[in-house]
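The structure under discussion appears below in the form of structure tokens.
Think of it as A, B, C and D in the order they're written, each chain with its own count starting at 1.
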Amino acid sequence: MAITANEERHAARAREAATLAQDELNTADGKMGDGDTGVMLRRLFGAVAAAIPDQETDLGSVFQACAKACASGTGSSLGTLVTVAMMTLAKATKGRSQIGWDELGPLLALVRDQMMARGGAKLGDKTVVDMIDAVANALVDVRTRKEASEAARKAVIETLDAFRDRPNRLGRARMFGERTVGLDDPGMLAFSRLLVAVAA
Amino acid sequence: MAITANEERHAARAREAATLAQDELNTADGKMGDGDTGVMLRRLFGAVAAAIPDQETDLGSVFQACAKACASGTGSSLGTLVTVAMMTLAKATKGRSQIGWDELGPLLALVRDQMMARGGAKLGDKTVVDMIDAVANALVDVRTRKEASEAARKAVIETLDAFRDRPNRLGRARMFGERTVGLDDPGMLAFSRLLVAVAA
Amino acid sequence: MKKLMNSPDALVDEMLAGLVAAHPSLLQEERVIRRAGGTKRGKVGIVSGGGSGHLPLFIGYVGDGPLDACAIGDVFAGPSVDSCIQAIRAANGGAGVLRLYGNYGGDRMNFDLAGEMVDVDHIQTTTVLGTDDIASAAPDDSVKRRGVAGIIYAYKIAGAKADAGAGLAEVTATAQAAVNACRTIGLALSPCQIPGAAKPTFELGADEIEMGIHGEPGIWRDKLRPADDVADEMVRRLLADPVAHKSERVSVLVNSLGATPLEELFIVYRRVAALLKREGLTIVRPLVGHYVTSMEMAGLSISMIHLDAERERLLAAPCACPFWRV
Amino acid sequence: MKKLMNSPDALVDEMLAGLVAAHPSLLQEERVIRRAGGTKRGKVGIVSGGGSGHLPLFIGYVGDGPLDACAIGDVFAGPSVDSCIQAIRAANGGAGVLRLYGNYGGDRMNFDLAGEMVDVDHIQTTTVLGTDDIASAAPDDSVKRRGVAGIIYAYKIAGAKADAGAGLAEVTATAQAAVNACRTIGLALSPCQIPGAAKPTFELGADEIEMGIHGEPGIWRDKLRPADDVADEMVRRLLADPVAHKSERVSVLVNSLGATPLEELFIVYRRVAALLKREGLTIVRPLVGHYVTSMEMAGLSISMIHLDAERERLLAAPCACPFWRV
């Protein structure tokens, strides 16, 4: 079993998940930011879903198209990090028509590192990066879709729980300091909602 | 019995009545105007009460002082008509230290005429002028404070009732036409509240 | 409705104090604001005024160009007769004074009274009333209409005429022609609250709008619709209102009543411009922004003025007052 | 919160279309607004940008003087990297381009990325970040502070420097010094709503205010108090914040966040002016109005910039863009 470029399905799921989660994510961001995470992701994944080329088997080209859609579609913090992720995946999967389930973890680790380099977040700052880190670690030894899906679900729940009572240390949310204790970071929440939807 | 220049008491009562009626009159004006009748009258009668000269026995001088306070204190429609009333009363009572109860009706009729000349209202337009007209008529034959007070109270209630279901024909309220049917005119309401308080 | 103020009764005077502190080109004398420089000897003076709560109207248009002085009342209440007299005197440069203000009962009584009283000083005065609000009376009853945002066109045009040295009769005729050529329609999304009042002046449902307003409830109540639909209806009503001397060249003012942000004004302007173009009209010097407000009220108004060659030239003439510069 | 719009997803593009229709001195190229005239050959270009919903920021300052171009994102979201690249190219007159924008994560990542990508075009770029919001980080952590309304001073001052023929390094240093000399504090009375969101971003009680905001909940929540009390606290916090090179001469901006009307701004300005005078400071060219907003949010911000002789001169230099003229 492997992941192929039959990605429209994933993209469509991501778009639907973003639409469904829109109000929840806006509300989460409204508590420690400017309240736009949900609107932004709904719009972004709409653009991504529309950009996926038909009949393309090269994963690198698929992710490249996604990256392009992101790069011209948004400049929000999280949106830009999604662009970085797409660019990283495009480079890493260039020329390949499938990747194994065991490659997912290392790929996400690469995404995490690129996001940290670009955005300046450190592990523990309570951002989307912490969530990606947790999922990357959880996927290290998986071999099948089922294993991957279960490990990812478990990781996102545990990570939300683990970070909820810590303060945000980056971006707009940093300003609210201790007031963010007890709240989910909107970026972490967003990644968890998308992942669960795509893994379903 | 007669009315003397011991007017501080009346002015203080008018001020209190205007303060008490403020919200009611704002609300009435908010339905067919800009919602300021109450605020304006509270402020105006505050200024009038403060302007009454101590120890003055000449009624004309007292009303003159009131007129001056009004003329520099407001420019709202109703406020300006109050100024006109004060000026009319000042002229009519100049040199007199008291007026009889039987003179009240004719004095109010004079006030009514001056207001009509200045503001252009006609009888039946559903303005403060109609209320003053009704009270002026009701006071024609009174001889005592008690008679005056009773006649005035009766007249204001009857007049509010009589006009409530007619449309306003003047000022801002004119624009609302049939939507004013069923509502009291704020100027008529204001005069009724003040009169009842002063007559108490 | 929260307001940053100290007390309702101090609001107007504190606002005026701040305004002249921020704008040294203006001088305050009680409830009158005049140009610091005074009216040039021999120039026709133009005076306006009205209730507070409509900034930048009226004060923001006192300066080189539009107005020489204005008289300010309490919130939504006309200026007192004393203020009107004082303002007329302040605007007098010896060549007479045009009283140019909105058609409201209180304002009219006070400016009229003031005009009678300055006759004694031998100041010649004339009157032109702003009557641009098409929602406030039918076309055949247009003398009963109120003045709303469109009056700033009359300020600018009459002001430039006076600046050019015209006499009182000419300036008055120019102002009257500008008023005659101008129409406004307004739309409320949410009310405002008179300082000191216990609650907002009127209420609108979460999905309701009203047409034809200015701090009061509107004339027609309607459902909130997409901006383009709303603009279509407003423009349709504007175009349907008869104007004696139409022109192919017009200026347009899309004006926030207060809380409505520039973003929404530009969305509406975009549509208005497209509609007028389709009608064969050319828009000259459009104005989009906060020109005449009712405090924190949400909503906007659209004004359109037909321009003959002279009005277009006068509109383009240099002017410098705190809230309008050409 | 009612909005006049057609759809949340069309809002930004329709707003831009209306804006350039009303202001022919501006040109739109997708999500970039540039001067119609282009950047003069040999002049340092200045580019800014950020999320929509803050008009007249940024677009209103593109013109003769402040900015040459700006890149616009969705409401409250930074401009895309593509728009940043396009804006830098549009601002390029061959003498390099200063990227002058607020310190926000998304904006920074995108302008940085864009800077790396235009290196290939041999366009030299520098960066200065607006960091005036004293509520967003402690003084010893001031590099983490966000840029809010005070950035318009940096636009004006750096723009005048570039106009005067200074090179990229000099313009950059002037902009950085202007940012360093400027402090802002904000106050929210009511929230705004992201177009497309189901409800306002945050909630405030009928008697509550928040300090230190910009479309988000504030840093401290407090009770609504008289305007003078609120102004006192804001000015006290502004004055307490350390500034390296203080001056006796300052400019002050009292800015509406959207729905707060001019009346309230002037009441607050009156108090601010009195307080600063008492501190021995002289206010030069104060600004009171809608300069940087967050849509229909109610509240205001107060900015203060210390002026050395050069900054005072540059602030007074002529400029003409849609929302600021000297």
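Basically, contacts are C-beta pairs under 8 Å (C-beta built on N, C-alpha and C of every residue); 3 or more make two chains touch, one makes a residue touch a chain.
Keep in mind that this is a model prediction, so the values were computed, not measured.
Once subunit D is taken out of the picture, touching joins the leftover chains into the groups A | B, C.
Each chain gets a centre from the mean of its Cα atoms; the one farthest from the centre of subunit D is B. We define each chain's centre as the mean of its Cα atoms; on that basis subunit A and subunit D are separated by 31 Å.
Separating the centre of subunit C from that of subunit D, both taken as means of CA atoms, is a distance of 30 Å. With centres defined as mean CA coordinates, subunit D is found 53 Å away from subunit B.
Shown for subunit D are the residues in touch with two or more other chains, of which there are none. Which chains touch which is summed up as A-D, B-C, C-D.
Subunit B meets subunit C in the complex at residues 22-23, 26-27, 30-36, 38-40, 42-43, 71-81, 83-84, 118-119, 170-172, 174-176. The part of subunit C that touches subunit B in the complex is made up of residues 8-9, 51, 71, 73-84, 104-107, 109-110, 113, 135-137, 144, 146, 194-202, 212, 214-217, 219.
The touching residues of subunit C, counted against subunit D in their complex, run 2-7, 11, 14-19, 21-22, 52-53, 55-56, 189-190, 206-207, 209, 224, 226-228, 230, 254, 258-271, 273, 286, 288, 290, 293, 295-296, 298, 300, 325.
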